[in-house]
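As written, the chains take the letters A, B and C, and residue 1 is the first residue of each chain.
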Amino acid sequence: MKNSEPDPNSTAEDVIPATVIEEKPVLKAVGLAKRYGKNVVAVNNVDITAYRGEVLGIVGESGSGKSTILRMLNLEEQPDTGSYELDGIYAGDLFKLDRSEQRAIRVFHIGIVYQNPHIGLRMNNTSSGNVAERLIVAGVRNYSQLRQAAETSFRASEFPLDRMDDPPLALSGGMQQRVQLAKAIALNPKLLLLDEPTTGLDVSVQALVLDTLRRVQRDIGTTMIVVSHDLGVIRMLADRVMVMRHGRVVEQGLADQVLEDPQHAYTQQLVHAKL
Amino acid sequence: MTGHRTLSELASPNNGYSYAFLDEYAKRELRRKTLKAIAIPGYQVPYASRELPIARGWGTGGLQATLSLVGPEDNVKVIDQGADDSVNAANLRRFIFRVSACHTTTDTLAATIVQSRHRVPEEIMGEHQILVLQVPDPEPLRGVESDIGKSREMHGDGEYGLLWLGLYEQLVRYRRVTIGASYPALVHGRYVMSPSPIPRWDVPKLHMAQHLTILSAGREKRLYVVPPYTSVKPLEFDDVPFRIENQRGWTCRISGGSNKFMSEIPLQSGGAEHEISDTSYREKLVADVKRVDGTECAGVPYYDNETGHFYIGGFLKDEEL
Amino acid sequence: MYVAARGGEQAILNAEQLFHSLKSTFNADDVRRVESTMPYLIDKVMGEGSLYAPELAALAILYTGGDLYESVLMLRAFRSTQPRIAYAKTLVQDDWLTVRRISAAFKDIPGGQILGPTLDYSHRLLPLEMLDNERDHGPISSTLPVQMIRNSELLTRQASLPAVADWQRAEGLLPELPFSASSVSPDSLPDVTREPMHIPADRAVRLQLLGRADTGGILSLGYANMRGYGTVHPTVNELRLGYADVTITHPVSGEPFSIGRVRLSQAEIVTTFKGAAEKPELALGYCATIGWNEIKCIAGSMLDMAMDLPKPHPSHTEDYVLHHTDPVESSGFCIHYKLPHYVTFGSDLDAMRAVTAAGDYLKTTGASVPLGTPGSFSENAPNGAAKSGKELS
């Protein structure tokens, strides 16, 4: 599987309006469903599409199924039913691939930033090693190349290079998220997944990290899915938004539209609570 | 024969031991597992691993491999740290002889089976020979994954990223790879193996070797093999070559030899002297010096006596550095 | 025949001789006396040696001067030389001659509690007067217990000592057994002495390994579990000591016959709310040994249960418990560190000197966390790797 290069000519201004409407979606997941045990329905028949360069926000309270969806899209968790395709990577349902094939897809084409950096990072390794690992798994066997790639990623995620060999354990929460981001974008992924990327950070740090996320997304033109319970985060990053409750999508549409003029009672409640 | 045979007639006599100690079922299992290991170079084959009258961790894995192979015509050499006269080597040799009535030798070139702990001899071994290495821990992934079930899965997937990450981290922190002995190596381009705690000096000797190498861990119940003429590549980045121990300038205080792996002998007055660790080879060098007719009794070594270069040119990228 | 003999060889012969010369000699009578005076010691050694041979166990104990790890190794090594010539009939509980059977779960149980032989309620006072006295302390005979039982009312009670677990199954508190003992052919079971172990282990493999595990090791891990490293709150459902005849089929006549009587012990523990089923029911842990080894049975049955939990404490996973409690493997590896390691040490030293000589290593990291161990790949602790390895695992 070859990694697709980002289009050097694309910018935020020209990509988004053109692609949303006309192109084939980059990500197409249909009929996702997942139960835990007999009674817990985590995700109930959810369809997701996302286009090249688009940022899709998923909002909802905890337990609404949004994180389960993200884990499925990262191929960490198999759904009970549903299919998942990433355009141009593999012509078929990714859920049907075996463990090592899924791993390859994850390494080459999907980046993820978790709310909890302990899940996404090896806290006692160097930060640069965390980024390099991804390239190692992808087959890079040249030390200088690993160093350069790590530096490039850290620069993009606005992480200070003089600290790239510190272990994440010694870094602040905001810095840890930047290490996760650098790792996530190290191979220019087709899909970037963010799970509550700024939750738990100081407000001022939040703003800086969000700035970086927005800029990185524009620079590499990747498709991004951001999950958050925080409408502020969604408002700042997302082009389009899906509102989830009890494992179902209750409302979706352009972010401005949904957030300015919510139709569903639950969304109205969310928006007003925020205001 | 009239009437039924009694149970005591059917049972084995009280004081008899099988040839080469292990019963034939145990030997058959070991031979089958060894054949399987030969067929899948570097793959760790689990085996039952019987208890032997030698403590576990003292070479019982190597010993089981040897006992499954040895016959009265064999000539067995046993070394520990390169030495034939170490108490442990002497004990194992005594045991193998006691239960198999084989020949024993200290001469690497005369041996049909060489059982060794922590060393590969300095003289190039031939196709007719078998090297049995005692292995304390067969799992090269142990440092990054202690659960055997998971590490077996990682081997199955060829998932060795964490080993390379380990190398990367060492280079970041120390600018050098800091692994001493047990340097992991990729066998036949597929499985990463621990070559047992031999020094880095000895790892290249397993690459495209003429002899068969059996690595056996009795306590951990795994054996694996480097068949003859099989590639064994120590893990190295393209731009950071694998390095053997730097013993340049060291001279053996007994034989005067150099460019062989040496043990460091601390001196009371400070500083240290050095001795070639392969005692059999060292003695041959001493004998050479004494010999008047000018003939050599030592075989061709893996590392050239004069230049120290490895016998397969270009394999060690570090040699000219 | 050329035999390579060196100085080292004489040294090891001398060392062994010196070992034996520092203790008194013994004869066949002493072997029998050890066997009869110290049955619990014999049982520990036979249990860990996984060989029921009281006479050989006594011989091993005397020969090694009472070094129990050495004794166990001698039994195991002897066992290695013995081909498996037959499979005994499965021993079910009803076939036992039970001499001790207690349950902590109920005040009284069907068939009754049988205290049997135990020091549990004795005062542990050293009988110092024995030191000045020529008299024997009580009767000493290996055949006595059976005779004693023959003369007691215990024999008449044997027919009605049902397992406590059977009652619990009948009451729907415990899940039904997946199959009956009589439906399993003994030769279809795995045998850890003949086949390699795999993780996850077959339950028969697990129970065999627990049965021959190091008593101290099992106790230590089990105690950690009892103390709170784990969430099992166990109750001893039943602890049973007894005798049983080992029956095999005669190879010629085809008739079953007893090849001897053995001492056996087993423990079952239960706990609530840990079962796999959706309905809350009791879960059961089990351990059995040859010989009477109460402590190992109780601690082992707790570990058996702990290993079944969905997420056991790291020191109670099957991989951890089964790999670290074998007496021969753990003691052997421990003493192997006495062997010379100067080649590996020299190699490690070389790697360290190369770093210090160059002097260009990272001297500060801005971090107060340890940097991991040089000289190995153990850059991050295995647990850390497992924890954070989620994304790329």
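FYI, a residue touches a chain if its C-beta (ideal position, glycine included) is under 8 Å from a C-beta of that chain, and two chains touch if they have at least 3 such contacts.
Quick caveat: nothing in here was measured; it's all calculated off a predicted structure.
Taken together, chain A and chain C share the touching chains B. Here A-B and B-C were compared by C-beta pairs in contact; the pair with more is B-C.
Relative to the C-alpha centre of chain B, the farthest chain centre belongs to A. Between the Cα centres of chain A and chain C there is a gap of 51 Å. Inter-chain spacing, taken between the CA centroids of chain A and chain B, is 49 Å. In whole angstrom, the spacing between the mean C-alpha positions of chain B and chain C is 33.
Counting partners per residue, chain B has 161-162, 165, 169, 172-173 as the residues that reach two or more other chains. Each of the following residues of chain C touches two or more other chains: 362, 365, 372, 379-380, 385, 389, 392.
Residue positions of chain A with contacts to 2 or more other chains are 103, 125, 129, 133, 137, 165. Across the interface of their complex, chain A is touched by residues 157, 159, 161-162, 164-165, 168-169, 171-173, 237-240 of chain B. In the complex of the two chains, the chain B residues touching chain C come out as 4-5, 7, 10-12, 17-18, 21-26, 29, 46-53, 55-58, 60, 75, 77, 80-82, 84-91, 93-94, 97, 101, 103-106, 117-119, 136, 140, 142-150, 161-163, 165-166, 169-170, 172-182, 184, 197-201, 219, 221, 243, 245-247, 261-264, 277.
Residues of chain C touching chain B in their complex: 1-4, 6-9, 11-12, 73-74, 76-77, 79-85, 192-200, 250-253, 317, 319, 323, 328-329, 331-336, 339-352, 354-355, 358, 360-362, 365, 371-372, 374-380, 382-383, 385-386, 389, 392. Within the complex, the chain A residues that touch chain B are 99-100, 103, 125-126, 128-129, 132-133, 136-137, 141-144, 146, 165.
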